[in-house]
Amino acid sequence: MTTIKDSVHDHIEVEGVAAALLDTPPVQRLRNVKQLGTVHLVYPSANHTRFEHSLGVYHLADRALGHLGIAGKRAERVRAAAILHDIGHCPFSHNVEGVVERHTGKRHDDVDDLLASGRVADVLAAHDIDPETIADLVAGEGELAQLVAGELDVDRMDYLVRDAHHTGVPYGTIDTGRLVRELTFIDGDLVLGEGNVQTAESLLLARALMNPTVYSHHVARISKSMLRRATEDFLAETDATASGLRRMDDHDLVVALRSHDGAGDIARRLSERDLYKRAVWAELGDVDEAVVGADHETVRDFERDIAADASVPESSVVVDVQGEPSMRESSTGVLVNGEVRRLHEQSTLVNALRLAQREQWRLGVYAPAEHVEAVGQAAERVLGLETEGALVSEVSTPGRYASLQDFE
Amino acid sequence: MTTIKDSVHDHIEVEGVAAALLDTPPVQRLRNVKQLGTVHLVYPSANHTRFEHSLGVYHLADRALGHLGIAGKRAERVRAAAILHDIGHCPFSHNVEGVVERHTGKRHDDVDDLLASGRVADVLAAHDIDPETIADLVAGEGELAQLVAGELDVDRMDYLVRDAHHTGVPYGTIDTGRLVRELTFIDGDLVLGEGNVQTAESLLLARALMNPTVYSHHVARISKSMLRRATEDFLAETDATASGLRRMDDHDLVVALRSHDGAGDIARRLSERDLYKRAVWAELGDVDEAVVGADHETVRDFERDIAADASVPESSVVVDVQGEPSMRESSTGVLVNGEVRRLHEQSTLVNALRLAQREQWRLGVYAPAEHVEAVGQAAERVLGLETEGALVSEVSTPGRYASLQDFE
Amino acid sequence: MTTIKDSVHDHIEVEGVAAALLDTPPVQRLRNVKQLGTVHLVYPSANHTRFEHSLGVYHLADRALGHLGIAGKRAERVRAAAILHDIGHCPFSHNVEGVVERHTGKRHDDVDDLLASGRVADVLAAHDIDPETIADLVAGEGELAQLVAGELDVDRMDYLVRDAHHTGVPYGTIDTGRLVRELTFIDGDLVLGEGNVQTAESLLLARALMNPTVYSHHVARISKSMLRRATEDFLAETDATASGLRRMDDHDLVVALRSHDGAGDIARRLSERDLYKRAVWAELGDVDEAVVGADHETVRDFERDIAADASVPESSVVVDVQGEPSMRESSTGVLVNGEVRRLHEQSTLVNALRLAQREQWRLGVYAPAEHVEAVGQAAERVLGLETEGALVSEVSTPGRYASLQDFE
Amino acid sequence: MTTIKDSVHDHIEVEGVAAALLDTPPVQRLRNVKQLGTVHLVYPSANHTRFEHSLGVYHLADRALGHLGIAGKRAERVRAAAILHDIGHCPFSHNVEGVVERHTGKRHDDVDDLLASGRVADVLAAHDIDPETIADLVAGEGELAQLVAGELDVDRMDYLVRDAHHTGVPYGTIDTGRLVRELTFIDGDLVLGEGNVQTAESLLLARALMNPTVYSHHVARISKSMLRRATEDFLAETDATASGLRRMDDHDLVVALRSHDGAGDIARRLSERDLYKRAVWAELGDVDEAVVGADHETVRDFERDIAADASVPESSVVVDVQGEPSMRESSTGVLVNGEVRRLHEQSTLVNALRLAQREQWRLGVYAPAEHVEAVGQAAERVLGLETEGALVSEVSTPGRYASLQDFE
């Protein structure tokens, strides 16, 4: 048995297939994939990686299995899936996942190909575990998959406390000990036991506060969009492939972008934190449905049109559209007076979270500081933004945005 | 300058009138008044006191004043009020406050008489501070009173993080540093600056989660109701007075109740954690409006009637009615695009909290384990509870309540 | 199984005999016995109790047993001993233990009589456990006793981290997870496994820093000495007995002393933090051996003689002698290259700690501020203090002592 | 003013020259330089960077200046030096510093050239600060330099708590609040005020425990030695220069080594955590003085000779010699009874630390697992190791080393 010291869960004991998997290159690669991509440009301490997160997920899964009384081969599979659940992540995690998915059709939780051969396959074979069952668990298929990829999975339990620890933002500080203890299976459904409506709510509320404060902080969104754009250009203009990109780590991608760095100079800007600014920051009600639901090609067209309209280089306009908000955890099951109720049936709070998410939605258009005015006006025309409020020049009203870490 | 080490805020520097006030008997008395009354019977580490809380409130007030640029005599008054804001608390804080209020007409924030003479008055006089201005601040009157007794006061900021630290329940872990930094006065109104809708929400959500989990945990409510009942009997049956009670500390009251201990044996039960159980635990919709709004005398009548109906001693029935839920923080002001908005206008979440509070409301009727069945049935009749669900026998369904610390 | 939330170890699961013992009056009494006696007069947050500490010791014992592979009845006995190990403590823990011991011959770890009858005896009988085996474990007799009352016991592991958590002084923040994992029995000897010289050292160093900073802070020593003196007077002047005292809790003793309060007015002084000051604070080298080794009666004679010499009331002089420093943990065993070595053989640091302890030793003589000069000079004569440095007037050189929390 | 959230010090407020410097490329580069180099291969959470550490040093310096009453241009210079003190670090911090120093003659605190031109120079000029005074402060020259580069500097205060936070090892958890408050200048000498012998000791003890547990953990030493060797080969075999290396960040160096990767395959091994093992791990007494004091060329000769003697490729032998232990903080000044005393005069503990450091000293010789036996025997002959104990084969006695994280 190996004991590993973790800054969040203290000692983590790894054994069996999990210990063997830990030593494989695809898992070790995660040491160099930042958990939160470019968020460290807002919260400088947020340099934690998918590797330590995977250990944490393994640890919570193992404890949950213990409390649930699940042992043997079924438990080993869940532990293997916990260690492996993030090996499909590309560099900077979610930041460039969309790029890879468009080219390869694969999201980060689609890991069949990564388990089929090489060291991971060898380890699974040596432990007599079928790779497909692991891929299914990672993809959220099957009853036990709920533990690692469902509404009440240990994945989000770990990332909330870990992101809180490393950013310094306390909102993610949930009670993982209680959550893990209160999990129970009712008719194949993973739910929280009696007396845990607030426990369930706390998980959703933590996300609801971490989201605007950390994950969707406007500087995180700007830098992530810039990274995505630079990566798209890199793929388009070199002979690099999306499946190659998927196996890179952060080191590889940063150096590749720096070497390639095109007209936009984006890699240099990211390295020096010389970021684009918001030319538009519009609320959901002010944006046309067609824009909200625009696909990648349409967004690229918007960028080209806005750049043309503003007479700036195409690389100087980044349009950042988030799809319609959704919140699947709201169907989390909790036992209330002996029957399973869905949180959205039971909890007024959780229903409010759905609405709050819509209120927090923003369309962003970003540009270098010197082009912000022109790009903002062009975007208003091209995207048909309806109100004056949608047009926001971050440069002309400095300091009126987030007071935190706003030294863009 | 005195530097004091606090487990929550680390070093607290006290000087001027605050340092002098700290040494007075009414403030030192707070060392022996538990912040959370009987909550330590649920969370054994929750033994923190009003004294350390008062230091914490002073500390946050002092930092807020610094960020707001308020200095001189106005600031000294706020600091004095921060140190003194809880000297009106009776033993076990809110647990027996109602008893004292009925007899004396004074709530814990009505401190005129406590400032008018004695060592506190001497210190205030020596620092040329009018006691009435301090009493006003403590009572929430005047612009600066918003800092120590308003919707955005440092009082609740301190108690949330302190209660989280000492109970071990993380839900209260708010970001006091950010809150204190973002306070600003707009036209005499203390609000949070731009970009802080989530900051404001986090304060309310922390309360919304701490409330059912800690402050209104059913074991806390049972033990608090028992303590209140024992204190009422003590006042009724001895020559002790309510104003004398108000100046006792926890040591005095516990020993007084133990010495007096009547038929109900409540003091012994509290000392040995041999608590009453729930005979009724009914939701708001199942309880008649007249019961929800019952005053003290009516509640005592209920208790007598139920006891008679169930043929048990009067001391074996405790009825615990909470008034209609309210939530005044929902009008917290936040700057949004340059204008002050009220949180309930701006935040869907906060409106949901009002509803959630109603959902969490419970009427409790408590009795010794051996009388729970009889008392429950009698209460159903006497209180006219409408549904079957309202009648709950904790004894017949053990373990189906809170899974945490439920070894009543 | 009961799950209890602890501010230090998070969730603690209690079952079997330990759960049953938790509900007995002698264990519940510990809820009202402060772990650190009067230390809260220096560190205001230090209000934690022997009850939560006992839970913590149980928790660490349970985990250690798991790692050591000890189960069944032997393990149950250790768990019972962990819960019960402090029931022999009198109010304010060590502060008045000496008083009780002189009268009853019993120290806090001599608990035979407390296990022989009553609820605790009933519970032990119901679980088929011989009370004498538990008393032996608590007294440190037998191989497994090393876990709860030895050089590497979980008792000190818990109190160091707990005292750090509640005082805010970080020096006690040891790595309990590692310590508990690395325990191993070699030939009946509880030692730390290979690679743990620093782990062992860290435990001793934590104590070495907590000692002068917390446990022997001069204000803690002064207030403890005052409490001890008041208790002695109370026993001498009333019909209270030492064995009665032993079963009191903090509430009882405080109120008893307040009611009795003699000429020295000590109970009032403690309640108002109006403490004596140091008239003498002398190093080991400056104090005669006869004084260092003086027994209780001799110390009382010193007090009388000094009072007479200084023409002050006898109650105005408190002499506080600590015996010769000792440090038994220095023989902690650690595996080094496959053989057990004693820390004092292996660790230069640990040998230095013995010397450091001698350097930190101080003789204290305390008096009300107005008598400090006279008492200091009288003490110099009566005790034959050898150098001028020994005579220290805290009043004439204010602020030159501890910079922390020195508002005596 | 910019407010930045830090996971260690919470909110850090940056303004003036410090805020302007933060935005310069040389400071932003530190975002991609790991504070602890390869230590994350032992403690997976240890991914923190020189950037966040620099912010922390700035923060503590700023607070220390406040407590010391130093303001104006003198304070601005110290703040600038705090932000800039680490810009001379090469990738992976100390790991390859020796390589750069041999080629360029520059250590990480020799930053004259980095301040003389470019954006940093522009900012300093705009704030009317002479770059040479900053370089002197960073190099430890001048009275105020003691704050950022002396025995009591805020640099080590920050890294101890930060490394503890990110590794999870609590030993570094010192009381920075107290240290910063107690700093005082006596005759130009930065010392700790009265009553702080333990405060000073705590700083040294924290280092003494963090050192073997974290900084010199054998896996950290092995991986650091491998990285150093790979970098030497890279410099020798490509047209890269040491001064170019000095301006790289971790991304650049990792990718450069991967691209170059020679016979030893070291870059791949580091990425996959397929590390060399210890063939020799010898104590100071068992190693010849000439070996202990060997310079770089001599060490390379040892490696060649051992490789030849063992008939393995030269890249399969890494000799890791640490010079004679030293401990300069032992002359830290503390006020005792009004005069400055040096800690080594005053503290028995600190003198013990010097000896302990010698006991912890180890000579390491590392090799791929399959060559460990041969290399160990060859090293014994070539280095003339005196005792049998010096020859240690990690492969033949697995698990007998550190029990923590020993899955090499």
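To keep things simple, chains are lettered A, B, C and D as they appear, and every chain counts its residues starting from 1.
As a working rule, contacts are C-beta pairs under 8 Å (C-beta built on N, C-alpha and C of every residue); 3 or more make two chains touch, one makes a residue touch a chain.
Source: prediction; values computed, not measured.
Taken together, subunit C and subunit D share the touching chains A, B. Over half of the residue numbers at the subunit A-subunit B interface are used by both copies of the sequence. Centre-to-centre separation between subunit A and subunit C, using Cα means, comes to 50 Å.
Rounded to whole angstrom, the centroid-to-centroid distance between subunit A and subunit B, based on C-alpha atoms, equals 40 Å.
In whole angstrom, the spacing between the mean C-alpha positions of subunit A and subunit D is 33.
Each of the following residues of subunit B touches two or more other chains: 3, 10, 169, 178, 181, 403-404. Against subunit D, in their complex, subunit B makes its touches with residues 3, 10-11, 177-178, 181. Those residues of subunit C that touch subunit D in the shared complex are 169-171, 173-175, 178, 181-182, 193-196, 198, 201-202, 205, 208-209, 212-213, 337-338, 347-349, 351-353, 355-356, 359, 389, 400-404. By the touch criterion stated above, subunit C contacts subunit B in their complex at residues 2-8, 10, 14, 19, 22-23, 25, 28-29, 31-32, 40-41, 43-49, 51-52, 55, 165-169, 249-252, 254-255, 258, 271-274, 403-407.
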